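Multiple structures are listed underneath, in structure tokens.
Each of the next two complexes has chain A plus one other chain: chain B in the first, chain C in the second.
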Partner chain A sequence: MSETGRQPEIAQPSRLLSQLADAGETGTLYVDGGSSGTVHLIDGRVSCVESPAAPGVGALLTTSGRLAEHTWQAAVQTGAAGHRVGRLLVEQGHLMQSELELCVLGAIYDAAFFVLTTAATSVRFAPGELHWLGRVVEVEVGALERETSRRGRRLDEIFPESSVDHAPVTPVPTPPVQRVVLTAAQWELVVHADGRRTAADLSRLLGRPGYATLQEVRRLSAAGLLRNAGPPSSGGDRGAVDAPPDEGASAVADPDHGVTGPDPVAEGESPTRTRAATRREGGHRRQRDPQPSGPNGAGPVDAVPDDALLGRLRAALKALR
Partner chain B sequence: MADMDTALKDAMQIEGAIGVALVDYSSGMALGVAGGGKDFDLNVAAAGNTDVVRAKLRTMEMLHLNEVIEDILITLDTQYHLIRPLTGRSGKGLFLYLALRKDRANLALARHHMRRIEAELDV
Partner chain C sequence: MSDIDDHLARTMDLPGAVGASLVDCATGLALGSAGAVPGGDGEAAAAGAAEVLYVASGRAPFASARPNDAIEDLIITTASGYHLLRTVPVAFGGQLALCLWLDRPDGNLAMARRRLAEIADDLVRPRPDAPVGSAA
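Up next, the complex of A and B:
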């Protein structure tokens, strides 16, 4: 974006961030390397963090159905120049202030987990550069670091095996136990883990926080239900760039990996995936359409009226409120 | 940016309140806290109570109880702890956690206030 930034240097992002915070800087820290990302500071406090491994505020709000894609896009287009996208959404009555705060706060901690754990890499600070979202909440760098290390420990308590974090994952063909109980979130992960998607790809696809996805991936791995599908296709880049193009092909391969046979998988999968895909269309994230081209043509056909029906129900319920 | 803080401060007005936290259930992190103190670390309480909620949800799954948790009450010698998962439109994955002094709190009233505060947060 800006060419006025300070010269790139090799440093540990968290260390540089502490220095910038101590100096009370305002601007944007660009982090390259494995888990690239940006950290935005206002007066030495963090106002926004973005990472390809964690869905951003827009993705969270639109994938969950809280905001329509066009509402979000309109706010970004109108408010980006003045760094007031967040305020605009509240002023126009699309979101409650507290709702926006919580969403941004969650996204900050989520993305920070990936950006701050990056080892020394190329970093660049652009002073004065503000994020288009504007000032919604601010977090102290110290709090961010404490939480990041707590999250790292928590992850290892679940399952001390980080190889599944960045690699494509796939369900095991045969569960190691007779009876398996999964939460809805875990089921969605198992259904969409096709041996090509990494945890980061899955979190973007499902619009679920990156750290929450990592936790579930580790839990499923610990239970022996999900395993590393092999070396990552792009040298540990968390598959941010190369995974989406594979999705068309991977959908065909899905039934081979299904743990419970093709039918339930296809039925559980189609509405979810189609809905996620619909919301994502025209989104700011570059994403090829993950068309579910499953073996039984019923999935996509069913999914369309389902979606419309849900939309009508939601509108009706909102009218009652 | 005071909206969430207002809701939490509001919760601290509940008779007998010791501390309150709004907790992200997936990470166990307190997104906001009010009250508490040196001998009552709300961040630790938030992380620990996430496991309580998770265990209860898992038990309900195993029992095939297709219901939602309105709140969880834990009664200690001198305190009540009240956990209330948020049910709002995008509030899935958050819960309110309130610690009360047993000798001063009115449980029914506290639950009523928590319901109201949840509605105000509207997440």
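Up next, the complex of A and C:
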């Protein structure tokens, strides 16, 4: 396995990962220079996976309000060097061991869905390189592979149209049925889908796992309630295309910024902030959304009247919350 | 043995317990399991439990008859057993379900339901004396 170490090569991430697991390797697999994600192995078992498309452990814990931002940052600063951030949070009583395990497990499978489905690309394995979170849980590569393919099949069962996975989405102006029933998670997506945000943007904004967000986007699309907003206007397009690689790069390089890179709840964060408050202000705090207070008519040119109506609808919905 | 496994082992101490699992409702993934699995296929059983809960919470009007009401558990009885699905709300990233399969002759449904609620609570409820936001 040593020749897969230092030099980047072109390979399918999942194939290389299986080889590394079989060899019982310990280290970090960088996919596409890290911009498509990283997989961390300990003795051939997966201890952590990160992807720009999936909120990491830090983002999940802080965006939900479970941990205050400064609590998370302090643990990262203190524990990163010794690869013991997770253990530190438990030792200091901020998290229960079971919560940490649940969060890390969920994050591993979530990010793995995006990293393992990456087509052949530039990959590099750094032997011996450990993740700063430390050893919390371990997952067999085979289990990750099986779950990833099950999730892929599941998405297509819901709605066999993958274009909504990566495109900005927007609610349809008029529902195709007279009565609509949504789950709480679906409601949040509909309210925040503004024709510029993609599923990945929405998952980061709401602190929801990436795959679960994709699943709901497909369900809402299948129900005719959400649609592909098409190529966004130049401003929005730039944000959508540029943001993920930037974030991925910094996530890998800088543990101070949390698992998924730039800190999702940085400015003026109160430890007692509620989840709802975090969400309500979400659009205004995200650098990725450069025009939070602008008009909502930035969609496709042929849909301007719809978007104006949609803006009013969205304002009314927000007022109801 | 992980802490998740410890909690599952506690559910298996209940009289008549045949199998238990912890399922991520959003994805249908089993995050842990103990004992036997209905149908012998853990992945299918977990996905099925998530599906049942999704339908119950989304389609059944009684699931949220009042504001802030939510499903606590679903109980399915069969001729030979009981299946308890206990929802576990998690602050981060959605909802889990603690699923317990009981043998009908030995299982005590009322006791199991109460015990399962306690174990589910222990899984995600922070200790009251835990310091909040005072690291380092």
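Here is the rule we use: the second predicted complex is superposed on the first by the 222 of 321 C-alpha atoms of A that agree within 3 Å, B and C clash if a C-alpha of one lies under 4 Å from a C-alpha of the other, contacts with A are read in each partner's own complex, and residues count from 1 in each chain.
Everything below uses one rule, namely that a contact is a pair of C-beta atoms (placed from the backbone, for glycine too) under 8 Å apart; a residue touches a chain by one contact, two chains touch by 3 or more.
Bear in mind the structure is a predicted one, so any value in this text is a computation, not a measurement.
Visitor: After the chain A overlay, clash or fit between chain B and chain C?
Guide: Taken together on chain A, chain C would clash with chain B, as the superposition shows.
Visitor: With the two complexes superposed on chain A, say which partner A:C103 touches: chain B (first), chain C (second), both, or neither.
Guide: In the superposition, A:C103 touches chain B and chain C alike.
Visitor: Classify the contacts of A:R151 with the two partner chains as first (chain B alone), second (chain C alone), both, or neither.
Guide: both
Visitor: When the two structures are laid over each other on chain A, which of chain B and chain C touches more residues of chain A?
Guide: With both complexes superposed on chain A, more residues of chain A are touched by C.
Visitor: Touch check for A:A212: first (chain B), second (chain C), both, or neither?
Guide: both
Visitor: By the touch definition at the top of the document, which applies to A:H94: first (chain B), second (chain C), both, or neither?
Guide: Once the two structures are laid over each other on A, A:H94 reaches chain C alone.
Visitor: Just checking: does A:S64 make contact with chain B only, chain C only, both, or neither of them? Give me first, second, both or neither.
Guide: both
Visitor: State whether A:S162 touches chain B only (first), chain C only (second), both chains, or neither.
Guide: neither
Visitor: Is A:A74 in contact with chain B, with chain C, with both, or with neither (first, second, both, neither)?
Guide: second
Visitor: Touching chain B and also chain C: which chain A residues?
Guide: In the superposed arrangement, which is not itself an observed complex, chain A uses residues 61, 64, 66, 96-99, 101-103, 105-106, 109, 137, 147, 150-151, 154, 181, 183, 209, 211-212, 215 for both chain B and chain C.
Visitor: Any idea which chain A residues touch chain B in the complex?
Guide: It is residues 61, 64, 66, 96-99, 101-103, 105-106, 109-110, 135-138, 147, 150-151, 154, 181, 183, 209, 211-212, 215 of chain A that touch chain B.
Visitor: Please name which positions on chain C make contact with chain A in the complex.
Guide: Of all residues in chain C, those touching chain A are 2-4, 7, 24, 26-29, 31, 43, 47, 54, 57-59, 90-94, 96, 122-127, 129-136.
Visitor: Tell me, which parts of chain A touch chain C in their complex?
Guide: Listed in rising order, the residues are 55, 60-61, 63-68, 70-71, 74-75, 77-78, 92-99, 101-103, 105-106, 109, 137, 146-147, 150-151, 154, 181, 183, 185, 207-209, 211-212, 215, 271, 275.
Visitor: What residues of chain B sit close enough to touch chain A in their complex?
Guide: It comes out as residues 1, 3-4, 7, 22, 24, 26-29, 31-32, 47, 57-58, 61-62, 88-91, 93-94, 120-123.
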